[in-house]
Each structure stands twice: as C-alpha cells, then as structure tokens.
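Please read the structure below before turning to the comments.
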Amino acid sequence: KNRGRLLISCLDQPGIISKISKFLFSHGANIIESNQYSINPHGGDFFIRIDFEAPDLIDKKETLMEDFQPIAETFSMTWELHLVSELKRMAIFASKDLNCLRELLWQWQNGDLMAEIPLVVSNHETARPLVEQLGIPFYYLPASKENRTEVEKKQLQLMSEYDIDVIVLARYMQILTPHFVASHPMKIINIHHSFLPAFVGARPYERAYQRGVKLIGATSHYVTNDLDEGPIIEQDTVRVDHRFDVDELKKMGGNIERNVLARAVKWHLQDRIIVHGNKTIVF
Amino acid sequence: KNRGRLLISCLDQPGIISKISKFLFSHGANIIESNQYSINPHGGDFFIRIDFEAPDLIDKKETLMEDFQPIAETFSMTWELHLVSELKRMAIFASKDLNCLRELLWQWQNGDLMAEIPLVVSNHETARPLVEQLGIPFYYLPASKENRTEVEKKQLQLMSEYDIDVIVLARYMQILTPHFVASHPMKIINIHHSFLPAFVGARPYERAYQRGVKLIGATSHYVTNDLDEGPIIEQDTVRVDHRFDVDELKKMGGNIERNVLARAVKWHLQDRIIVHGNKTIVF
Amino acid sequence: KNRGRLLISCLDQPGIISKISKFLFSHGANIIESNQYSINPHGGDFFIRIDFEAPDLIDKKETLMEDFQPIAETFSMTWELHLVSELKRMAIFASKDLNCLRELLWQWQNGDLMAEIPLVVSNHETARPLVEQLGIPFYYLPASKENRTEVEKKQLQLMSEYDIDVIVLARYMQILTPHFVASHPMKIINIHHSFLPAFVGARPYERAYQRGVKLIGATSHYVTNDLDEGPIIEQDTVRVDHRFDVDELKKMGGNIERNVLARAVKWHLQDRIIVHGNKTIVF
Amino acid sequence: KNRGRLLISCLDQPGIISKISKFLFSHGANIIESNQYSINPHGGDFFIRIDFEAPDLIDKKETLMEDFQPIAETFSMTWELHLVSELKRMAIFASKDLNCLRELLWQWQNGDLMAEIPLVVSNHETARPLVEQLGIPFYYLPASKENRTEVEKKQLQLMSEYDIDVIVLARYMQILTPHFVASHPMKIINIHHSFLPAFVGARPYERAYQRGVKLIGATSHYVTNDLDEGPIIEQDTVRVDHRFDVDELKKMGGNIERNVLARAVKWHLQDRIIVHGNKTIVF
C-alpha cells in the first residue's frame, strides 16, 4: 500500500500544522486520519499523528525524509516516518505460561497484528511446538539470575542478526539488565499481571487475593530500568468476587493479560503511540 | 476565553487541511487539539474538528467567518464556528421521572455542562421545586396526544422567545411532531431507556425483563421523525441478573440513562459531534 | 473427586430447603456452595443449586437418586444430580470462522472447560488440522438448505454414537430443524454475533454499522425453534467508534463472541444454569 | 414487612444448613433467597446469608433469637438477625466536596437506600443548605489535626445520642483516631478516590496523573486503624486518556466515587456483607 504515518512531537507554537500539511500536500499526499493534541498551547508540548496516502510512497520515502528535515529542524521536532508496507520485525520472548504468546500468534495469523515475527525466544522448551508449527524459528536460551549477562549477549546478537524492531515480553518472567533495555529504548513491551501501580513486582495475584480486591487487572507498558515503572500503554480490569481463589484469579487475569498485551502491541505496530516522559499519548 | 472550535465536513480531496491550517495560522490562531477522519480517501467524506486559541477572538469572529467563506466554497464545506465564550442556550424538557433532569442540573451547577439553561418545560408539576430553587424559569405545559399541536405551538414560541440552541428531552415521554422536529434539526437530544435498536418504542424495561437479557442499556440520540431511529450519540450497558425484577431493572437503568444523557449533552455542548447521514462522528 | 451438584426447581413453599439439607446431611454430604432464589415467595417458583461433597459419591449415586425421589415427588420438583467426576460429553459444530472453536479448544486444553470433546463436526474442511492435531475426530458434513434433513440424520447418528450430552454451535451458521432441536432440548448452545434482541438474524455487523451503534455485542443462548429467541445465558458488549468499518466491527466482535461463548459453555458444564420458561437462572 | 435476614459465619462442618433451615421452617419462616459459601469444606470457614419471610416477624423476633442461641452455640457461630422493617440509622460525615453526599441523599429520597438519616456531620458549612432542606439536622464541627480528640468526643456523643448504626464517610477527608474506629467496628464505610491498593493516602488523582494510568478508580471499604487498608466492599474503574488533566481526572473519578460508595452503602443496608479477616464476602 501507499500509506504512511508521521509521528511528531515538539514544543507547541503557532504554524506547525500549517507547515506540515503544506509539506504533505506539496508532495502529493492525502491525509486520511490525523490526531493532534497539545498539553498547553502556551509553550507546552505538541503531538501529532498523521495517517496519509501518497502515490509511489515507497520510492518517494527518501525524498520525503530529506525534504522534511528542514521543517523538523525549524521546530526542533522529534519525528518518525513509517510506511505501512514496511512491516515491523517483532521478536517475542516467552516462558512457560503460553497464554499471551498464543494470543499474539493467533491474532498474527488472523492478520490482526501486521508485523513479521522472525523468531521467538524462551527460557523453557514449552512453546517450541506451538512456535515451530507456524514455521517461526524458536530459540531456547535458559536464563536465570546467574547467567543473565551471558544469555543477554546471545539474545542481543539474535536481535541484531534478525534486525528486530520491537521486542514483546509475553510473560517472559526474567528481569532485563539496563544494558539490554538501553539497546532498545521504548521498543520493549511488557505485560504485568496487575493493575499498576497496584502490586508492583512478584506474585501480584497472590497479593490481590490477600488484599481482597474486587477487580483484578493487567498493564502493558514499555520497559525501562525501573521495574514495572515504564510508560503505561494500556490497562484493563475485570470483576472478581469472594469465591475466586488464587488459581481462579490467575485464570480470570490471564484473559485480561492477553487482551491488554495484544491491544498494546497492535497500537505500537500501527504507530499510534508517542512516548512523552513517563507517559504515553495513544492516538 | 479566546477559544474557538471549527467543525467541518466535505468530500475528501488533497489539500484541505493545508488550506484550513494556513488560514488559521494567518489569523493568529494556535491549534490546541485537532481530530480528522476520512471515511474513504478516494472521494469519501472528510470530517475535522479543530479546537484553537486566538487573541481577541470575540472581536475577530465576524472577520474570521467572512475570510473563511471562500475556502468553504472551494471545497463545498458544511461548517460551523463556535466560540467557547458564547454559551449555548439549552432548554430541558422533563416529565415526572426527575432522574435525568437532576443529573443535568447537578452537572451544570458543578460547571461540567457549559451552557445557559434559560428554562425547563414539563407536562407535570413534579420538577417545579427542583428547577425554581436554582432560579430557572419553569413552564408547566400539560401535553397529551389530544392537545399536541396547541402545546407545541406554545413550546416553539418559548424556544424562540428564549433563543434556544439545543433542546434536551430528559425522559420527556411525549412524541414530537415532524413540525417541531423540523424546527430544530439535529438540535434535539433524547435519551431512550434501552440499548437501541433493541426495544424500540414503549416499555423497554418490561420487554427486557420478558426477554431475559443479561445486560440493560440506554441510548442518547438526536431526534428525527422516525421514532428512536435518529443518529446515536452515546450508548452504555450494565450487567443485571435473574434476581432483578422490572422495578430493579428501572432503578439500575436509571443510573445508566442519566450518565449516557449527560455525556451526550456534554459532547454536544463541546461541539464534538458531527452528524453524517444517520450516524455521528464524535471527536 | 467426590463432588456433586444438585439442581432443583419447583413451586415455592415452606420447608423445601430444610428437607433437602436434612437429606444431604443424612447421606453424609457436606454443602460447599449453595445458591437459592425464589421469584415470589407466595406461590412463585423456587430454584436452588447445591454444590456438595460426599465420601464415595460415585458408588452412592444410585442410592442417593433413589432416596431423593420421594422428596422430589412431594414438592413436584424438576431436578438433576450431576457428579463432577462424570465429565459431560460435548460436541462442537463449526464452520469456516474458527475464532470461537479455537477459544473453546484452547480453554479445554488449559483445563478451564471440564468436558470430554469426542468430536467436532463442520460443514467445511477448514478446521480439520486444528482439531485433528489435538487427537479429536473431525467429521466433515457439508450442509446446506438442500440437504439439511439428510445431513441432520447423520449428525444425530453421530451424537447418539458418541453419547453426546451437549452441543456447542461455535459459529456453525446453519439453521437446525425442529426435529434436531427437539432431540437435545436446552442442550444446544449457540453464539449470536449481536447483542440480542438487537439485530436478530443475518448479517448483524453490517446492520450495526448501518445503524451507527456505539457498542457491539454478542449473545450466547440455548437453541429453540424460534431463531435467536432461545433463553439467553450470557451477553457482553464492547465500545466502538465512527472509525470502525464492518471488517473492524467483525474483528472487535469476534473477541467478544469467543469470550461470551466460552463463559456460557463453562457455566453449562459447571451445572450453573437452570432454564425457566424463556429465561435462565445462572447461579 | 415481615422480612428478616440471617447472617452467619462459623467453621464449616456437615449439617449446619440442615440445622438452620429446620429451625426456620419450624418457626414458620419461608426462605426467599439464600447464598452460602465455604472457603474450604474440610475445616474452612462457612458463610451464609438467608433472606426469609415469616408472619408476625416483629413480635416473634425475641423468641427467634432466643431459640436460635443454642444452635449458634453448637457451631460457635458469629451471627446477626436483622429485620427489614427496622431501618438502620445512618450518619453521614461530609466535607466540602458534596458529590458523594448528594448521591447518597438523592438515592435515599428515591427509596433506593433503605435507612434513616438522623444527622449529617461536617467540618465545613458547605453542605448545610442541601441537608437542611431535606429536614435532616446538620452539625458543623470544624475538625483539624489539632482539635481531633475534642471534636471526636462531640461526634461520638452525637452518634450515641442519635443511636447510630452505621457511619458513612462521604469524602470526609479527616483521619479518625483508633478510639473512634474502635467504637464502631466494621460499621464505618469510607470511599477512597483510587483503585486500592494503588495510590494509598493523599492526592491520588495527582499521582494517577503523574503515573500516566489509563484507568482511574474508586474503592469503598470499612475503616480500620490502617489507613486505606480496611476490608474492601466495592471497587470500580473508568477509562481515561492522555487528554485528561488532573481536574478532568477528578471530575471523571467523582462519578465513579459516588456510584461505588452508593453501592457499598446499599449492600451494607441490605445486610449483604460479611467481614472475614481483612476481606468481605458480598452475597
């Protein structure tokens, strides 16, 4: 397709949209959907996502980017241009609980997640049949606190070899080192099995059970070096009652986890998310 | 405040946003939030809502409108310019069930509904104390099938006298004639006590009870001459179970009704809604 | 396990619970969870579900049933006794859309649906690999309006051969004849892809799109001879907006469909449902 | 009415329900709704709520209680018998934000909260007109950290004088001393303006804004000496997005707060809640 997406953030000032839209028009692009938001019109931050169509976009991409550079510099923009036809390359990291992995692969098969999945990495063999049956390479790299540095070296090598754009932690359950995180800033998406900031850290369902909450939730966020503190992309909750024990909370929660993660991944793949400080703008 | 809102719909073609944003920039306006959407970029419909700020907007309004006219003509636009400082004048029509009326008045007192309420009209005296205690004129006009034409004549006279922009039917329970509806096209907001198109017409809670539904709902829509068939603005549902009898369904539903109506009215007052055929775009 | 479930409905009168609980106690049963509800204590209907545990329940089942018979007769009860250890035998009927089938098989693999699945029947070959890979026999019986009677004969033969207790129509898309329905009264569970009674019949997503609804839904119900009119077991809705075209409504709805159907099937398998007229009591 | 409610908790063992139901039957009571739940049938805890009807219940209450005493002792039960005709006496504590107070008074006027409201206490004069217009005595007792002991003395005197059964903190914003809490154990209901345990303590909306959550919530719980740590009765959440500033989060949250508090209060008034450790069973 000839569709592209422009994501921009900068300090707000008059005339930005006028400049951008004139630029797109003069390059033959027609805007299909655009969403813009400013935190504070007087010197606050400005964010825009533009979904557009232009003939021969693939050939024109380089020219467009060169021509946009001066505008970007004028307004000190942070910006990205993505082509819908250039699928993102997504690695999935999994562990023993296949709930989230399965949902992602399923939606991917259905054509709901527009990405390439060049590999799945896991510290357990559990997912191998599920993954290989779809023709996706599966890498078993047993990870633990002890061998973390060594394993991450191999993982980073794989990410580089397969030219990975985005890493999804589908209940991977291992903590990543700052070195790993720094290698893919705001490109690693995690699912935490609680409604953050409630129950940060380990065993959230057990703690939810102890606390006697009436709703349980899940949170998908970008990974930073602060555990469970990265920018939140999506959250959801579901009603439970006194009859649910920890196992039933987990089952109920698993359903929320996979839906929340799949939505967050889809929005990332559709270039709907702009990270701003420790928050996300989701257009 | 110096804030304005521009609502535009027209056939899509390249260059519209460029033209609009250049126009606003050249008139000193800074765009705070804008949302645009096209149904089909190749000859489909184009919709945009722009929330902007411009110095001395009140004085400039006439000039802005004159200067925009040629652009509007070029693209055959349907368009509106609203100033946040010019509050809409809202009439509320009520009956005996005060649930929705009370919610609207409450949110209005809280400053959540930015409008003037010059009068409340009712075919019962029930609401008088509630309305008059807030200093709002209350008109008791007993309406029935028999005297409909006569009563509507008085109502239309009141709407004209008080210069009313929008009419909210807060469970008014009387059918309006085509003549009345035509006098305020897409300016009359109704709340129907079901999840439309389920249970069109009378006694929806009784019929929901008979059908044994597991959720009940409410729908707010613009009034047209087809009963309960106008463009839907907002809907919501809530879970019920076998223990709810008709009275309890009504109580539960009443809570949804007032929230759905209040949201629809708020969006209308914030100029968030563009009607397109029998549907609404809510930005 | 030694767990059993007693489902009873009859006309309400004093002393029923006393009789039942004395009976269970005298047979060594300990009640784990019980839920009772009467529509009207003065001659209305009485419903109860009792989840209990008794040593050697499997051996005692016959005795229990014989001993309960006189009590059941005294109160003219409609009643069922189910043992958790006796898994229900569930047939799934599918077509080309595998969304619901896949969810059921997945939850079944996870141990969330306690049943045996002796076969899957479909009028297309699409599901064969998915089904056979789990070791479940797959029957391809191409069905259409023309050969309905003939195909149903084969299907009924299969149901009988495999001793089927419950039939789940996982988007089967074919209408069943009264003869077939009568053979499994209140044992056939369907999923309809709308929030009933809105959009009864064909193409509900297309009609939801035309109507411009702000929520779409799904409904699971027992099949009767009135199309989409059987007792509703479960419903749910999800928010959509003007940006969703028919395909996106279908994708969004598909997620609701599979969750609603899976919950309805789970409740049926857990003997949580009592049908009363055209409604369900779900304990 | 001749309706009563029996709430019982004790260690589980066989025969409890049989004993209770025989007792009720022999006293001419007909059970309308009963819900029972055991955490673990082998020596775990047993909970039951029975809603029943008996002729001349008001006259019989003393006899019933005396006759039930031996059964209660046999099973070491904690139990309560409430008559629907004996309305609970509810005091409301408010402050400057009238959102929750108004909802409670409104639902009370509608007949949705079956209680007497003998007084409203506040540390501000704001609520006086609203309260007095309904004929409810209003007590202005300015409270602060400095005069807490003194003020609580007066408050406790009022509670005693008016014979108060339940105290609702409708955004009262003052911390109660252990002495006050101990005087009404599990009879003080609070609303916290966050989804606990997220954002315990002060300024939850500001912190929710900082954290960038995608849902905000509210929690109603019984007050204990651990701030925001008492048994949770009810919680709910609502979706927000990046466009909401702190004020808009507060407005959105206010709507959830009042609904969550009203539900919790209603369930308490309907004797639906059994406190078990730091959790609630809500039947």
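Order of writing sets the chain letters: A, B, C and D. Residues in each chain are counted from 1.
Operating definition for what follows: contacts are C-beta pairs under 8 Å (C-beta built on N, C-alpha and C of every residue); 3 or more make two chains touch, one makes a residue touch a chain.
Small disclaimer: the values here were computed from a predicted structure and weren't measured.
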Validating interface symmetry: for the copies chain A and chain B, is the fraction of residue numbers used by both over half? Same or different. same
Would you identify the chain whose Cα-based centre sits farthest away from the centre of chain C? B
Please report how many Å separate the Cα centroid of chain B from that of chain D, as a whole number. 37
For chain C, residues that touch 2 or more chains besides their own: 33, 37, 243
How about chain B: which of its residues touch chain A in the complex? 12-18, 21-22, 24-25, 28-38, 41, 53
Provide the residue numbers of chain B that touch chain D in the complex, in ascending order. 33, 99, 102, 106, 110, 112, 243, 251, 255, 259
Which residues of chain A touch chain D in the complex? 37, 195-199, 210-215, 217, 231-237, 241-243, 278-282
